[in-house]
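A, B and C label the chains in the order they appear, each numbered from 1.
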Amino acid sequence: MNRLLVVDNLSKRFGGIIANEDISFHLEAGQIVGLIGPNGAGKTTLFNCIAGFYPPSEGTIRFMGNDITGMGSPMMAHLGIARTFQIVRSFGSMTVLENVMVGAMLRNKSVSVARERANDELEFCGLSARANVAASNLTVAEQRRLEVARALATEPHLLLLDETMAGLTPSEVQEAVRLVKDIQKRGIACLIVEHVMEGIMPIADHMIVLDYGRKIAEGTPAQISRDPVVLAAYLGE
Amino acid sequence: MMTKKRNSLIVVGAALALVLPFIVSNPAHQNYLILVLMFAQIGVAWNILGGYVGQVSLGHVAFFGIGAYTSTALLISVGLSPWIGMLIGGIVAAVFGVMIGWICFRFKGHYFTMATIAVAEIIQVLFTNWEGVGGAVGLYVPMDRQGWGVMVFNSKLPYYYIALGLLCVTLLGNWAIEKSFLGYYFRAIKDEPEAARSLGVSLTAYKLVAIAISSFFTAMGGSFYAQKELFIDPGSVLVTSLSVKMSLVTILGGVGSLFGPLVGSTLLTGIEEATRQFFGGSGMGIDLIIYASIIIIVAIYYPAGVLGWIKHLLRRDAKTEGGA
Amino acid sequence: MNGEILLQTLLSGILIGLVYALVAVGLSVIYGVMEIVNFAHGEFLMLGMYSSFWLFALFALDPLATLPLTLLLLFGLGALVYRFTIKRIVNAPMLSQIFVTFGLMILFRGGAQFFWKPDFRTVENSLVSGNVVINGLYFGIPHIVAALGAVVATGAVWWFINRTRLGAALEATAQDKEAAQLMGIPSHWIFALAWGLGAACAGVAGVLLSTFFPIFPEVGANFCLIAFVVVALGGFGNVTGALWAGIIVGVVEVLGGFWIGPEYKLAIVLTLFLAVILVRPQGLMGRAE
């Protein structure tokens, strides 16, 4: 077994509020793992801890065998963890291509090399036609793809996707699902926080369910969808 | 096509700049041209940190003063040529800039600006009370020797070309930054710092790079000023109003654009000269009122500056033509 | 150093520090509600001083008597400044926000120079003047009155924010602009209120200072910087923190002036501030995340 990411007994508190309590799970290389749960379950907090957005209060996070607990996000990017943002944060003064070039510059500071890499990723994400458009002029679905392309340009081993499918039309969701599967084919593992169940259930190898800041279940999508604890949590919402 | 147009504009502009002092022979007018070039140069230097990275410093006069004092003190004490003194001043200012940045970048946004003012105030107090560099009296650049070696001249003409050369060097520096990964990183930090971090860009590290380059070029402007005026004191090279002016020429012309400061400097220096001629010497407050009104109006209505405004007009014309 | 002189210096530092706290609270209220630093804050103080001076010089009205009038004038000015300039840049890029208040600073200074000349002026022989001797220590009565006035005014602001409905609305807007709007509070009114309140704090401090401080167009510059230091040390948007930080800054300033030299006063305060920020970026009184 090739454990890429191992989270052990992770807790996160803000003042007196407990957002995550004693969460453990792991993710294997090339795996797609879905992180789900009702609103306020602590998904985003867990996601942000793993992404290096803020340090966990307790517990450890290991990536490819290294302890990365409390490291900042620039360091995480260097190690091979890339992320997207729930509320898209594209660089507004740049074109679509330039946005992705910033990502590619992590591995190679040459502008022309970065441009080539960026063009490849735009092609991969189906945005080639929009390469020279200002990033702020994209549709929501396109902006989400741009974030994915930008993150992929950093050549990650693990991609953290934060609600990439929220607010998309059913056909756009299908396209997003296809994109995630293509990413997996490149050997990149994905940890996906998702609200859109039809987006995550068909592609996840493994699911983790949070409620009230704790892990209440994990397993294959089929197991999860039959789990009475999970059903109760969602119905109680 | 846009770049082709821009390139031919640059060539024409450069040719004009080279022959301009022969067309304008009145020393007072030549002095005005030198001021335009000098403020354009420090505006371009300020733009690296304030425009590209979006860290608005109003303490840049500290770097300007450090440049002026370093080259002048070295010239007086050991007779070092200001050409070398200028480089040393730039390096001293860059090191100082990194130290200051390391502290001040802990503040975000407006408070960063306030902190930079605080730093400049400290420097001003220290230099005013430091007898070794003339204290409140200031320093005179010795005039016993003249010529290119000591950068002291009787006529305005050499100063004009030195200012032009400095501006070109600084513009080239900016252009190189714009074209390299640094330019992309700087804009990324300004647009979306958190996203930049997630792509491996360390905010503090690259802000420090920006402040080092920016303060280096600002200090060179300070050394030039000292040689041109042949006299410096805290009241002339360490006052906050100078920080305001270097940022203002940039904002007026167009923040984050290569030639914005040159446009802004031409306009602002022109307005200042006109005000002075019209209302007589300063101290009446009218000059300040006009100055302030420009700042407020530009900040509220034309935040992209004159160049941004022109670009906007061109784009609108292109659109209506395309539609018709 | 003589113990008596030390005590005297310390106490005078505390007295002026309380006035600094009041100026800082005004700056903090504006920043807390809309995250805009008012670079023209010192100029509100300057205008408060001139208001006090002219009412005294023209109508022989004592500064203490005209304090409520100046308070209202500055409140109105603050609200007008918001209405005609700041309102247009609430969501503008940071650069615009910085330069609009910076432009206002220069505008007010230029206006003061133009209308009232750059001369130094003083309010002489007002009701509060002279000295008192307490246990062999000399205190200027104006200083004591100014400090007491500042404490009362700071307390009033604290009461307003924490104990009134309008103050609660102010606080809610500071926490979350959208949430406040959902509560049915138009945020533009709250912003105007914050600017009025902020300007009034500075204006009242100006009146209190006018009985013993020279009045000139640039007088606000140092006060604005010191207020900034106080806010940063006391924690952003923290009234009681500002009070303590004001006292610390006042004491450091007079002690530094005494030991190192009065010409270094401002530099000492600013250096202390940079040193503290280096160690505790959240300020002395602010809480870590």
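Rule of thumb we're sticking to: contacts are C-beta pairs under 8 Å (C-beta built on N, C-alpha and C of every residue); 3 or more make two chains touch, one makes a residue touch a chain.
Note that this is a predicted model, so its numbers are computed, not measured.
**Student:** Counting C-beta pairs in contact, which chain pair has more, A-B or B-C?
**Tutor:** Result: the pair with more contacts is B-C.
**Student:** Could you tell me which chain lies farthest from subunit A when each chain's centre is the average position of its Cα atoms?
**Tutor:** Result for the farthest chain: C.
**Student:** Of the chains shown, whose Cα mean is nearest the mean of all protein Cα atoms?
**Tutor:** Per-chain C-alpha centroids compared to the overall one single out B.
**Student:** For subunit A versus subunit C, what separation do you get between their C-alpha means, in angstrom?
**Tutor:** From the centre of subunit A to the centre of subunit C is 47 Å.
**Student:** Mind checking the centre-to-centre distance between subunit A and subunit B? Centres are C-alpha means, answer in whole Å.
**Tutor:** Whole-Å distance between the two chain centres: 43.
**Student:** Let me have the rounded angstrom distance from the C-alpha centre of subunit B over to the C-alpha centre of subunit C, please.
**Tutor:** 32
**Student:** Applying the document's contact rule, which stretches of subunit B touch subunit C when the two form their complex?
**Tutor:** The touching residues are 50, 54, 56, 58, 103, 106-107, 109-111, 113-115, 117-119, 121-122, 125-126, 128-129, 244, 247-248, 251, 255, 283-289, 291-296, 298-300, 303.
**Student:** For subunit A, which residues are in contact with subunit B within the complex?
**Tutor:** Going through subunit A, the ones touching subunit B are 51, 53, 72-74, 76-78, 82-83, 85, 89-94, 98, 101-103, 105-106, 109-111, 114, 150-151, 154.
**Student:** Where on subunit B does subunit A make contact in their complex?
**Tutor:** By the definition above, subunit B touches subunit A via 179-181, 184-185, 187-188, 190-192, 194-203, 256.
**Student:** Touching residues of subunit C toward subunit B in the complex: what are they?
**Tutor:** Those in contact with subunit B are residues 31, 35-37, 39, 85, 88-89, 92-100, 102-107, 109-115, 118, 217, 225, 228-229, 232, 261, 263-264, 266-267, 270-271, 273-274, 277-278, 281.
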